[in-house]
Each structure stands twice: as C-alpha cells, then as structure tokens.
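In the two complexes below, chain A is the common chain; its partner is chain B in one and chain C in the other.
This part shows the complex of A and B:
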C-alpha cells in the first residue's frame, strides 16, 4: 500500500508529534507514505474565508503533484483533509472548474488523485482486522472518548463515516484493545482559531468539550486534528483556570494510541511533547500489563 | 422595535443578493426558517444574530444588516448547520460568502479575526507555508496585545513545536503565481 503524504503546516510545528507518530505507525503497518515534495499550505482555515478560488487552488497544487505520481493522498490533519476534499470534489464535478484551477496553478489536476483522511486509510483500506493482529500492547481498560471534531466527517455526502455519530475511531480504539466511551461531543466544534483570535468565544467551546469528556468518565481523549489538539491540550490548564476546573485529561492523536498498542516507544512517538502529561497514563497501562503477565 | 420598510429594502438589496447567490450557489429562498441551524450552532451563544436570522435577512434582501453583523465573522465554518438543514441549504457556505463580500464592501465587524486571516495568507504567499511563530507574533503586534499567549512560547520552542525561522519551500514561485493568478481573475487578496 502506497499513498502520497500531505502533512500540512501544523504537523511541522505545533502538531509535530502527529507527524512523527503517523510515520512510525505507517511504517509498522507496512504502509508506504511518499511525502509530496515541496508541498504548500492548503490555506486552511483562512483562504476559504477570503477567496473561493484561492481556497481551491492552494490544495490543488499538492493534489496535482500526487496525481502526476498516480497516488491518492493520505492526510492526517482534519482541516487540511476537508479543504483538499472540497477541491477534489469541485474539480471532479465541473469541467469548467477543472480548467480554471489548472490555469491558476499552472499544472494539470483532474480530480483523479483523491484526498483521503488518514483515519479512513487505516480503518477502511488496511482494515481493523489487520491492525488488531499487530497489537502487542493492548490499551486494556483505557477508557477513550473519540473526538472526531467538526471537519473530519463533514459534509455528509463526502464523508467516509456517519456525519452525526461517526464510529471509525471508536472501532479503532476497540481494535487496539481499549474501551471506547460513547459521548455526545464527537463532532462538536472546538472553536478552531477562536481561542487565539477571540478567546471569550473560543474558551467556552473548549470548556464544554473537556467537561463532557470528563462527565463521560473518559481517561483520555483521542483526536485527529492538530488544532483540536492545541485547544484541548495546550489550552487545557488555561481554560481550566478560567472556569475553576482541573480536568487533568490527557489528549492523544489517534496515531499515538496506535503506536502505543503496536508496542512502539511512547517517547519516540512524541508523546512527551504534550502539555497535559500523557506519559503517566501510558506508564500505568504498561505496569498493569506487567502485573497481568506475572500473575 | 425598529420599523423596517420591507418593499424598499427588497428592491435595494437585490443587486447584492444576486451577487451572494451567484458566488455561493446557495438559494436562500429554500430556507423555511425552522431554526435547526441555530439549535445546533456551537457559536450561536456569542452571535449578535442567529444563523436563522441571517438567512431571513438575506431572504428579505436586507443585505446591509446581514453584511454588518458579527455573526458572519464568528461562524467557525464547522458545517453543523449545513449538515443538519432539512432543506439542504448550505448555510455555512452562505456565511463564508457573506463574509467575503462584507470585506469587499469594507464592512469588517471583527477586525482582529480579519487581521489574523490576512497575516496567515501573507505568510503563505511569502513562504509557501504558514510560519506559525511569525503569524502569532504579527497578530500580537498588529493586534496591539504583545503578550497574548506569550507564556506558551518558551515551552513550545523547547518541545520543538515552534520554529524560529519560516520554512520556505523551494518551489515557492509556484505559490506566488497562484496568488497572482487569482488576483488577475479579480480575487481581492
């Protein structure tokens, strides 16, 4: 299995551990990722609020490079994925748009190279059965709420999962030996950049999600988006201080949880880069596994 | 409550309404005002007009009121409204288009948000990728809040989550050309 790989800007900075864990896990699973050389920013989430054509043209250049290579594109970041998917679909739907875009980017893109969410690739192309056979450190008794965020499964006509009650990440957690916990905030928006640009709007949105996860009885949150991660992890203490709450809720990229279950070293997966300590819970998992082995 | 003369407003609003409809591909007349968009909107609590009200203003041709609202800037583009609309109206696309047109007409109800997106795209045009540290520093300086979130800086740098210098891609001429070609076609960037 081989895909073009589009990490996107956040994965080389604030979301660097998403990039690290994606590459390590893909390697363990035998999936080859060909990083698009000299890829550019897809414009999320500023271009589509400024100019519709620019919003389609920026992702199109990356998709065109993948198309030349004859590969579909695996995309970890939910926001990048949404913008790339929107471009693919508009180009496919309209010959006129295809022509316009090709003129603007000065490359050919016909919509043949598809934008694929990394989660979709793992769950539906590789399959849960194959993944579960490779698990050697199951996430036993780890209660995880899957936080898909708003962009990964929308709009419904383009999605690989249910837009209101998606299941793929929950099933993945189960295949990794963990306990998926149902909750009502799977696709609720975290406010994206609002926490930075207008915190009086962004912070309450983050607060609701963290509180819901806590009330659902989760040990941790699994996410598929670097901006969701920043909001829920980096800002967790800041938001908690504002609302007088202490959530102490580790947040993982789903790829990190996969890496742990596949037996990779948590430090090497980048888990020490989180703001809310997430290594502690991994250590506890390993200790419990050790006790089970000796018992 | 302020009285609104609907007949005159309807005539006045037609030109902008046609522009919004053409650019968004969304027919506001399909909306039957059930309010499901507003019920599910995670940002409705902070808006000056609810998404349903914006749709009604557009239906009535009261375009200036829609374009001057904070709502179109506060919309987080999460698509919950469009996903749930029983009439399949793409409300999020409508919000996005209203915002683009509002900016073109000089109605910017949320200056800081506008600044953030401008700086973001400048960074992309210059380097091919967004330089997050540069974006945040620029946002704080131009937004006159130099120390906002500054406490995250040192640990972000230590964790290797922020790069002091931008990464400029080799083929950046191509990205600059994309911006230039969009401008040639009338894009106001």
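This part shows the complex of A and C:
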C-alpha cells in the first residue's frame, strides 16, 4: 500500500508529534508514505476567505504532483483534508474549473488523485481486522472519547463516515483494545482560532467539549486535527482556570494511540511534547499490562 | 382520390394573435390531396363542428385535418365530430398550432405563420396515410380487487360494494385497519381514531359483497383491464378461521412474548396473537418465526387449550387465483428510518421517539394506558420537544418532498401534551407551518394561542443525554440565536415513505411509480386516481403522503372509477396498438422485455416452407394489454412491429412533407 503523504504546515510546527506518530505507525503497518516533494500550504482558512480560486489552486498543486505519481493522498490534518477534498470535488464537478486551475498551477490535475483522510485510509483501506492483528499492547481498560471535530467527516455528501455521529475512530479504538466511550460532542466545533483571537467565544466552546468528555467518564480524548489538539491540550489549563475546573484530560492524536498499541516507544512517538501530561496514563497502561503478564 | 379537408382554428385570439390563420388556410389549399380548406374562430364550438360536418358532406371529404390546440385537449371532440359526419374517427389528424406554435412564438407573426403552415402540411401528409381503425371490445369481469385494508382500502371497498359489485380486499397483516388503527386521535376535531375507524371495519367485514382476505399477499398478476388474473398467497395462519371463535384462551396461555409491531415495540405480544383488541378478523395468527413449537417442536400449548380445535400447525400457504375487472392499490406507507440523523440519537436514546410511538403512548389501549410516559423510566415528561420535517424536505439525508401530515399531527400532539400533563411545556421546532385544510389553521392557532405550545422556527442541531434529561440544541432563526432546552422526551415528526415493497407490487401489476416509489397517477390534476394502466386505480398514501380525509376522498373517487368500469358488460379498446408483421418477425424477442405493460409474448406458428411444415416463434401482441406506447417498435430490429396510427410510413410521410 502506497500513498502520497501531505503533512501540511501544522505538522511541522505545533502538531509535529502527529507527523512523527503518523510516519512511525505507517511504517509498522507496512504502509508506504511518499511525502509530496516541495509541498505547499493548503491555504487553510485564510485562502478560502480571500479568494475562491486561490483556495482551490493551492491544494490543487499538491494533488497534481500526487496525480503525476499515480497516488492518492493521505492527509492527517482535518483542515488540510477538507481543503484538498473540496478541490478534488470541484475539479471533478466542473471541466471549466479544472482548466482554470491547471492554467494557474501550470500542472494537470483531473481529480484522479483522491484526497483521503489518514483515518479513512487506516480504517477502510487497511482495515480494522489487519490493524487488530498487529496490536501487541492493547489499550486495555483505557476509556477513550473520539473527537472528530467539525471538518473531518464533513460536508455530509463527501465524508467517509456519518457527518453527525461518526464511528470510524471509535471502531479503531476498539480494534486497538481500548474502550470507546460514546458521547454527543464528537463533531462539536472546538472554536478553531477563536481561542486565540476571541477567547470569550473560543473558551466556552472548549469548556463544553472538555466537560462533556469528563462527564462521559473518559480517561482521554483522541483527535485527528492539530488545531483541535491545540485547543483541547494547550488551552486546557487556561480554560480550566477560567472555569475553576481541573480536567487533567490527556489528549492524543489517534496515531499516537495506534503507536502505543502497536508497541512503539511513547517517547519516540512524541507524546512527551503534550501540555497535559499524557505519558503518565501510558505508563499506567503499561504497568497494568505488566501486572497482567506476571500474574 | 383522397379528399382532405383542412380546418384552421383561431381559438379566439389564442392562435390568431400570433398566427395569420386565414393565410394558413389559404396556404393549405395547395398541399397534395387537400380538396377544401377554411378557418374559423372557434372550431371546437358547436358552429365550428357543424362547419366540419357540412363540409364533409358537401365537399365529399374523406379525411380531416384540424389545426388548433393539443390533441390532448380536443382530439376526442373532433373524432366524435367527424364520426357523426360519417367518417371513421381515425381519419382525423390534428396540427397543434397553439401549444406548439402561437403560445411559444407570440412575437413573430410572420415566422409563426410559416411554422403553422408547416405543421399543417405535415398533418395533411400523415392523414393521407391514415387508415380507418375499428375499436374492438373486451368483456368485463364484474369483480374488484382492493389491495390493502387500511382506511383507503376499506373506504374504496365499501363504496364499490354499496354500488352492488363484489369486492375482495387483500390485506398483508393479520387484521385490516392499517395505520389509522394505530393513531389515537384525529385532527382537526380530536375525535378518537378507533371510534370512527372500527365501525367502518365492521361494516366492511359484514358487507355481503365484500370478502376480506387477510394475512395474504399478491403473488402474481396477469391479464388486463376487465380481466386481471390475480394469484393471491394466503399465508398459513395456523388457525382455522372457521373453527376459531376468537375466545383468546390460546393467547393468554402462550408462553412466548415478542415485541408488538402494532405497539411500536413498546409492549409485548404473544407468539399467537391478534395485533390489537379490535382486530378484524378478531382471530389470532401464529407468528411462526417466534413460536416455540415451530422453532423447537416443543410446546403446542395453544393447540391443547383451544376449545374448538382451531389451531392447526400443519396449515400451509395457499395460492388462489381469481379474475377481476378492476384493481385498486391502497397499500399505504411506511415511516422513514430516523436513525440516519445521528445528531438526534434515534435508536440510541430511548426517549427520542417517532410521532407514531407517541400516538401509542396517547392511546388508552396502548403500552401506558393513555398516560404520556417516557419509554425509558415510565416518568411523566414535563418538557416535550417536537421536531418537524425529520426526513422530509431534506434532500441531503431524507426525502425532498413534504410529508404533508406532520404539521397537523404535531400540533395535535403538542395540544395533547398541554392538555394531559399539568404545567408541561411543549416546544415545536419547525421550518414552516403548513395547514391548508378545512379547519386546520384554526386548530394550529388554538395549539399556540389557547394551549400555549411554544413554536420555535429553526432546526435542531443536536440532542444528547445528560443524566435523565435530553439536552436539545437548536436555533431560533427568528430571534437569530441558539436555543438549548432540557427536555424529558423528544418526538420526531418522521417522514412518510413508500412501502418497502411498493415497487415490487407496481412491477407485478404493471403500473408506474416515481423516484420515491410512490405510485404515479395518470395526470397530477385531471386523473389523480387513475394509473397509466387501464383498470388500475390508486387510493391513499401509496400515491403520496396523505392524511385521513384526503385518503378517504381519493378512495371514494377510485371506487367511482371502478364502478364506472364494472357497470358495463364490455368495453371498447383503443385500436392504436402495435401490430406484428408475421412474415418478417424473426422471433428475436427484443420487444418482450421493453414492453412496460407485459403485452408481448412469443408464440409458435406453423408454416409451410418448400412443402414442409416448420414451426417458428414470432411476437404476439395482446390487444387488451397494449397501451400503444410504441416502445416495441423502436426495439424491433426488422421493423416487424408497427404501431397502428403511428406507423413508420405515416411518420416518414410527415418528415418528408417537412423536409423534402
């Protein structure tokens, strides 16, 4: 199995552990990731607020390079995925747009190379069965709420899962030996950049999600988006202080949880980079496993 | 020599404002075969028709072209006209210079006149090729079949039976009554559904002209209008209807409990059961899938306790074939599957239910004896949220259409919550409130003004459980702000959808259905109860979402159509049907599957070739079934099939007239 790999800007900065864990896990699972050479920014929210064509042309260049190579593109970041998918669909829908974009980027992109969410690739291409057979440190008794965020499974007609009550990450957690905890905030918005620019809007949104996860009885949160990670992890103490709460809720990229279950070294997966201590829970998990082994 | 008469109609100013009718009539005089040509203000009016009849006589005309409106409008009129003038009705051709010319080219009289002239020229060329066709007749079997024993089927059957005809009602379930039997009260009068339905159920059961065939399904339909041969599968009831007295002892003693479909699985029934207390026939049936005897061979308690020996485990399905003159499809509707709305948690949260569940909770013989209680813990809810348009008017996840009944039943539900539960709140999330029916808007106004239901314009984005509450997030689009309600129960106004097997039945009988599997009427305005298949009529929600008054009205209309058909001994058939040129038919059979009316089959004929008798297959058109659509003539590779009145030669004559 081989895919073009588009990490996107966040994965080389705030979300570097997402990049590290993705590569490590893919390697363990036998998935070859060919990083798109000289990839450019997907445009994120800035481009599509500025100019529609720009918002399509930026991802199209990366997709075109993958298309030349004959590969679909695996994309970990939910926002990058959303922009790339939007481009793919628009190009497929309109020959005219395809022509315009090709002129702008000076490359051919016909929509043949598909934008795929990394989670989709793992769950639906590789399959849960294959993953579970490779698990050697199951996430036993770890109660995980899966947090998909607002972009990963939307818009509905394009998504690879139910847009309101998605299941793929929950099923993945189960395949890793963990306990997926059902909750109603799977696709609630984390507030995105509002936490930075308008904290009076952003903080209550984060608070709702963290509180709901806590009330659902979760030990930790699994996510698939670097911005969601920042909000839930980096802002957690700040939000807790504002609302007088101590959440102590570790937040993981789903790839990190996969890495742990596949027996990779947590430090090497980048888990030590989190703001809310996440190593502790992994350690406990390993200790419990050790006790089970000796008993 | 053929002598064609051309009659150009002004249609008041409908045509003459855009087309120079006098000039068209003048031009027509030069067309080959035209012996006479004139124009008149209203050709369809009495003087216009007299003009035609007089000209036939005086000018010795033997075929006629009328240049006027669409043949859908007045072809029958002019056919009758020339028939009374002494000509065969099929020696008429219409040139549509209104819908096809004056109405679409109102601004260019010169060119519109040229086009009208061309249309007349084509019609003249065709009428020269027309042949006199003779209508034949087919006998009519004086017996009607109603498929479906809900309120629509019951009403249609009663009306047909009261007119003196024999009717068989085939119902899939063990009892007639349908969806209306599940409903508690009916809008806009709030009278009890059972109180108005059950007398009708009894009437239809006791009517000397009606045979109820319950727990049965249509297996096969052959034949055509006047003579449908229908095979009915009578499913094994495992109870002898004649011997059973309906005492109910077997039901009491049966040890197996399964969720009751009728009670929306909020209550149990036994494996031997009647769906509801007022069932007709009020005699039980054994559900073999859950019955202990059929699963393991042990038990047989029902048989032991039956005082009349009516329980018969050895019964088998029985196939009966009966001939009918007419069929009414009244198969009703199903509910949309709300679980596609992950955000509402239907199927996950016990207290998120459909409107039909709520009907059962309101009903005195339902699972809560008519007290509104939560399915989860039996507590009486204080805050009830209603969400309208769940599955309706939602192309992304549901159906594009409006389910029509939900605005009213939701208003009814909200009223009943406020009436039955002290200090309760009824919140209704809506996109629009649609109440076009007699007394409907008044009812809705009472719901808000008198009963104080709180209507919120907007959609619900999410429902989740918090403790024993359901938190409902929505938007009030009139105030432009988010709304959060702590609800105890949420009721979804679920879309009405076609029955799961609706398409199967339509294919079997041979009539059409739309993209949503609702049955298609012959004309949305002018033939709302007919189908495109002669002798098959529609009643109730199988044709599209409908409430009770509308279903009943449509059922009576369908019954009138049936009675009209059955009142005759025989009926004329349209002679515009396909004909096979047996000499060139190769018997390839390409025409058989393309025929939408199953009118073509292959027959074997004997021929003498070089002194030897050989047999070969050729296509055979059933004149009773053929509707003259012409699909087979296109599929036929050797042009052996030709549609009378639209033959290849006739069509080509038109093309030649225009193009040569």
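Assume the second predicted complex is superposed on the first by the 295 of 295 C-alpha atoms of A that agree within 3 Å, B and C clash if a C-alpha of one lies under 4 Å from a C-alpha of the other, contacts with A are read in each partner's own complex, and residues count from 1 in each chain.
Convention: contacts are C-beta pairs under 8 Å (C-beta built on N, C-alpha and C of every residue); 3 or more make two chains touch, one makes a residue touch a chain.
Nothing here was measured: the structure is a model prediction, and the numbers come from that model.
Which of chain B and chain C touches more residues of chain A: that partner is B. By the touch criterion defined above, A:57 lies against chain B but remains apart from chain C after alignment on the C-alpha atoms of chain A. When the two structures are aligned on the shared chain, A:24 is found in touch with neither chain B nor chain C. Residue contacts after overlaying the shared chain place A:85 against neither chain B nor chain C.
In the superposed pair of complexes, A:184 makes contact with chain C only, with no contact to chain B. Of the two partner chains placed by superposition, chain B and chain C are both touched by A:164.
In the superposition on chain A, A:156 makes contact with both chain B and chain C.
Looking at chain A, you'll find residues 156, 163-164, 188 touch chain B in one structure and chain C in the other.
Every residue of chain A that touches chain C in the complex is listed here, in rising order: 156-157, 162-166, 182-185, 188, 212, 215. Interface of chain B with chain A (complex): residues 23, 42-43, 45-46, 74, 76-80, 82-83, 90, 96-97, 99-100, 103, 110, 112-113, 116-118, 120-121, 124, 128-130, 132-133, 136, 139, 149, 152, 155-156, 159-163, 167, 169-172, 174-175, 177-179, 181-182, 185, 187-189.
Residues 9-10, 12-16, 38-41, 43, 45-54, 57-58, 61, 100, 103-106, 150-151, 154-156, 163-164, 187-189, 191-194, 196-198, 200-201, 204-205, 208, 234, 273, 275 of chain A are the ones that touch chain B when the two sit in their complex.
Interface residues of chain C facing chain A in the complex, by the touch rule stated above, are 340-343, 345, 348, 396-397, 462-466, 471.
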